[in-house]
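Per-chain numbering from 1; labels A, B, C and D assigned in written order.
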Amino acid sequence: MDLRWHHFALWAAFIGGMLALPQFVSSGTLRTIIFANYLAIFAISWDILSGRTGYISFGHPFLIGIGAYTTAILTKRFDIAVEYAIPSAVLMTMVGGLILFLPALRIKGSYFALVTLAFMELIYQLVQVIRPDLTGGTRGMSGIPTLTLGARDGFYLSFSLMAAIALSMWLLMRTRLGTALSAIGMNEESVRGSGLSTTRLKLFAFLTGAFVAGLGGAFYVHYLGSIAPRALFDINFLFTILVAALIGGLSTVIGPMLGAFFLTFLLEYLRPYLPGAERYFIYGGIALLLYMYEPKGILHLFSRGLDRWRERVSS
Amino acid sequence: MNHPLEITNLVKKFGGLTATDNLSFVVEKGKSVGLIGPNGAGKTTIFAQVMGEHRQTSGSIKVYGKEITKLSTSARVRHGVSRTYQIPRPFGNMNILENIRVGLMPDNIWQMITGNPDLDREEELALSVGFTPGDLMKTPSELSMGDLRKLEMARTMATDPSIMLLDEVFAGLTVSEIVQIADLIQKMRKDGMTFLIVSHDLKALEPMVDSAIAINYGAMIAHGTLDEVLANEDVRASYLGGTG
Amino acid sequence: MAQIIIQGLLLSGLYALIAMGFTLIFSVGRVLNLAYGSYLMIGGYVYFYLTQLLGVPKIVGILMATVAGCVVGLLIYRLLVKQLKGDHVAIEISTLILAVVLQAGIVLLFGDSSKILLPIVPGVIHVGGATVTFSILAATIISWVILIGIYIFIRKTHTGRAMQAVSMDAKGAAISGIDSDRINMITWGISGTLGAVAGVFFASYTQLSPSMWVAPLIIAIAVVIVGGIGSIIGTLVVAHIIGFMEILTTAILAPEMRGVFTMLLIIGVLVIRPRGLFGREEL
Amino acid sequence: MGHIANLREFSMNIKHVAITACAMSALFASTAFAEIKVGFIGSLSSDTGLSTLRGAEIAIDELNAKGGILGQQITLVTADTGEDVTEGIKAYEFLAETEEVDFIVSGSIDDVSLGWMPRMREFQIPTLDTWTSYIGIIDMLVEDFDSMRPYFMNIASDEALATLYIDFGKDVLKDQMGWNSVFILQEDTAFGGAINGLVTDALAPNAGIDVVDTLVYDVATVDFAPVFSRAVDSGADFIYLISSVNSQVVSSQYVKLQVPLGMTGVNVAALGQEFWEDTGGAGGGISTLSPVPSVGFRLDAASQAFLDTYQARYDSRPSFPHFNGYNAYFGVLQAMAAAEEAGGFNNTTWVDAMEKQDLILEIDGEMWIRYAFWGNDEVEPRTGRTYPHNVRFDITEPYDDGSPSMVVIQWYEDGSNAVVYPAKYATGEFVLPSWVEK
């Protein structure tokens, strides 16, 4: 697994530092970090499913939405306790992952991306039409039980969740499994030619991605306290997840995390100066430039900078 | 008597085109067989059918007596057939050791997670195909065509094959690289590996093979030693005819 | 019945026009341009700005809209697609990001609220129980003229045949001396132009709004995916399938389900027959 | 005229873009002295959002000119929702935690308000909604008054709108026009569903109008030709439209296609003065209910003064404030007055003081518009239910307890508009478009 002591030291420092954060920053900043945490979870799960295997999904909100809606409906409409609702939501999302996996058996590349986009649009329309008494139709649902009160608790919960997911995914992806999944993204035929069942590997990636997405979606909706189809199954939401993973760096765990924090803070810090739509203009523009200039993401920029610095120091 | 590879009445049709025409042959254990024929004769299609990348229209393919035509590509590899490609297909963002690691992995997700990579075996394989210890961290973009072929040989060997299918192993190589690859194949032959080799470079192929099979339009037109095959009138005609 | 046929023909003609520019890029460059919907948006807004805010004659407005569409098409090709040489997924992702950026740009310039265009040709006629506005009739006629024009252009002219060659086999075309970069440039320019024209008509039919790019993009995707690569006839046929399906769903079934069938069609065709109903089988 | 106004708006926007480019460096001088902070939440790029924002701006400037409240100046902080639910939640958190505002005035649409509602409950910041009229929110106050205490809505809820609308059906559609049957055209939104339910359940029995058929359409519908064909084929006497999201399209296609039936109902796009421009003049004949004060509404002196100030101050869209602009202006004044009385925005004393606010605007000595709130357990006699913290409306002639919950306005084919119902407020006649045969 190639784990060194400094890896754990860095993780411990990161987690420790973050947990100490509420002592030093305002609750407004904590709120921003909460959104960054959830975005990081979504970006990590997208990366497991798409970033590594190369099966680019444009329908990730489809999975997150299944998780979010399941737990929202169970808790709000049927008064089921969160302890049961969230695991059920995660299971349902994994079923959703299975549904996404089926086309992946036959098609890849652009076609797969389009199918997933169609899945997202489909569920967007269905949620509003089918059983609006359960889903709340176009207007969605409000008053969903929240797990935490206040920025500080919300921060601890979301950060613990994010850190647990990130650390376990990081560990998982450092094993040979991670190597094999990334290998699928680089050349699926060669993985098969190496005697590995890519179907099984992809299934694993899709289920794991769905698991994380469902977990994130469920906790997210219990943080927000409300849900609406227009906010979830939306190209803009997809865009945010995708851009976070991309500009952070694909096929890594740290990258999507970094990307999520970068984007959320960029957006939030622009708010006082540019209150309206121009924020999105700038945000999208930066994302596009970064993606064009460095498709491997910020993480790659950092490590390249680090290498250069090392060279300069050693010479 | 079970042979490493036994092909019987293999037929492959693409629409109206017959790519493999009732082909039957056997590769015996420890032998190296050359598969020759003009461009478009259907050599690569045969490889693809053996590996399960294309499904045959009819016929049988056996590996050590075991019918493999119903198996997936990865299952066939685990049964001991492996191939290399005319254009190498490495994992672009991985270094040499990681590329080989994929070949060495067990096809079991739990073992992939719990087991550690066998770094010694990875290095051994890399060195055995002629890489130097300084090369091991290089990624495919830093390698020459010859190095990529070596890498592909190493990854293929990592799957522990009993027969290797080599597709145009000498294409695009410099003279010195051809010598390196040839030496490698000779060494593996001495170690008892069975080969089925496709090459355009008949001169380079000659010392590599015990016998040869010539095909055209997907059908076998001659077999025997390479000299015998090349002396065959039909084979000469097929090459001169340029059936491209 | 008559009105369903009339309304179906009108809508389908518009859909065919919307999808045509997308088909061209997809067949020549094998690239899915997810910023395609933005051409329609830009075309519509340029036309609106010139004719309704500046009071420029309508025909000039349409011409300037097409020029704008063409320029944007060329810019996207030069600055974005060409830089990402061949990486299809990267092109899709970056064109999607671009589409969202352009949407924000439109909000910045024109605000969020939707706008209705004045009819391009005012007036209505009643045919067989159906009411037909001259505007939509004009849109349909012009879209047929353009479609036939494109068909002739591709079949009969030198450039058109070169496009066809590139679409069938880019390498082969390169060997036979066709400058595929030039062909791509031309294709992206034409695609932008077609998109902008379609945008003017689409907007005059519906409305202008910053998120108006999504619906036509999905229609274009559906038509191209279901029709198959590079088939102009396929595009036409499928535009009519989708157009009529929408009209029938509205008239007979539940109107709120009209989008659902389009999505199911996309998913079904992609999973069952990824090459599309009219696409070529490849070896 | 409209062209020029629009053009000016466009060039303003261009300037806005230019400013944006250097805004990052130029704008970090924020005023840190004032103690009273009012937050605005809503879309900064929609007419409804801007109406609320500007109403609040004018109110705050007036107060500051008089020395502020509690001896302090008031500053306004804006948080854009972009009409997106999640952005709305972030915007509310930004106002509550980063800016720590004392009071929030909202121009949010329904689902955005519902989105941030759990945050309102959490932070307990006095909040005034000026646009959303969703009865579901008032129901939350009925169910759980304590956690919703600081919330006020100074527009009549949609249920009250629909109730008064049924009177219009009886008095005008049935008795005056002689219509007996209706085809309901409803957009597929919760708003549409709610209004539809009220109309079908109440219109038929109370006004004696048969509902021939109901058609629900998707908000993304672009082509209404088949929809209108079905309406005409149904043999109904008129079309009842319920549309809040995409109503420009359906209205303009009604006019462009010259549908030979009268059409009335709820048409949110037609509530603003910009409707005529937005439909490119294809809006003649459309009528809709509207909260007060609507377009075409006779204004009392105070509201007229507000309108004059508004028009002198803003020359971009919306050139006339929507009803929620008035609501925001008077609502902010009332909220600040309540704070002055309560000595701050403490949510017990402030809420009590806010509940007691009562502003009666008169014309010719008669009550014309009233800004006051229903008490916690005050029962409205006609609907027989309570409307805690909802603006005090009146749905019974002669409307002497409050403003009517709505009026019906109509756009004429020459681009003018008028209130046509109730008679007391009417400034024009309900007429059919010229292409409809009587």
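FYI, contacts are C-beta pairs under 8 Å (C-beta built on N, C-alpha and C of every residue); 3 or more make two chains touch, one makes a residue touch a chain.
This structure is a prediction, so every number in the text was calculated from the model and none was measured.
Enquirer: Of the chains shown, whose Cα mean is nearest the mean of all protein Cα atoms?
Expert: It is chain A that sits nearest the middle.
Enquirer: Identify the chain pair with more contacting C-beta pairs: A-B or A-D.
Expert: Taking the two pairs in turn, the one with more contacts turns out to be A-D.
Enquirer: Farthest chain from subunit B, going by mean C-alpha coordinates, please.
Expert: Using the mean of the C-alpha atoms as each chain's centre, the farthest one from subunit B is D.
Enquirer: Could you state the distance in Å from the CA-based centre of subunit B to that of subunit D?
Expert: 74
Enquirer: How many angstrom lie between the CA centroids of subunit A and subunit B, rounded to a whole number?
Expert: Those two chain centres are 41 Å apart.
Enquirer: Roughly how many whole angstrom separate the Cα centroids of subunit B and subunit C?
Expert: 47
Enquirer: Go ahead and note the Å separation of the Cα centroids belonging to subunit A and subunit D.
Expert: The separation of the two C-alpha centroids amounts to 37 Å.
Enquirer: Which positions in subunit B touch two or more other chains at once?
Expert: None at all.
Enquirer: Can you list the residues of subunit D that touch 2 or more other chains?
Expert: Residues 16-17, 20, 45, 82, 188, 218 of subunit D touch two or more partner chains.
Enquirer: Among all residues of subunit C, which ones touch two or more of the remaining chains?
Expert: Within subunit C, residues 107-108, 112, 254, 256-257, 259 contact more than one other chain.
Enquirer: Tell me, which parts of subunit D touch subunit A in their complex?
Expert: Answer in residue numbers: 16-17, 20, 23-24, 27-28, 30, 44-45, 78-80, 82, 84-86, 89-90, 93-94, 97-99, 110-111, 114-119, 122, 134, 136, 140, 188-191, 193, 218-219.
Enquirer: Residues of subunit A touching subunit C in their complex?
Expert: By the definition above, subunit A touches subunit C via 54, 56, 58, 102-103, 106-107, 109-111, 113-115, 117-119, 121-122, 125-126, 128-129, 235-236, 239, 242-243, 246, 276-278, 280-281, 284-285, 287-288, 291-292, 295.
Enquirer: Over in the complex, which subunit D residues touch subunit C? Could you list them?
Expert: 3, 6-7, 9-10, 13-14, 16-17, 20, 43, 45-47, 82-83, 188, 215-218, 220-223, 225-230, 246, 248-249, 252, 256-259, 274, 277-282, 317
Enquirer: Touching residues of subunit A toward subunit B in the complex: what are they?
Expert: Contacts found on subunit A: 1, 172, 175-177, 179-180, 182-183, 186-187, 189-201, 204, 251.
Enquirer: Tell me, which parts of subunit B touch subunit A in their complex?
Expert: 51, 53, 72-75, 77-78, 82-83, 89-94, 98, 101-103, 105, 107, 109, 112-117, 155-156, 158-159
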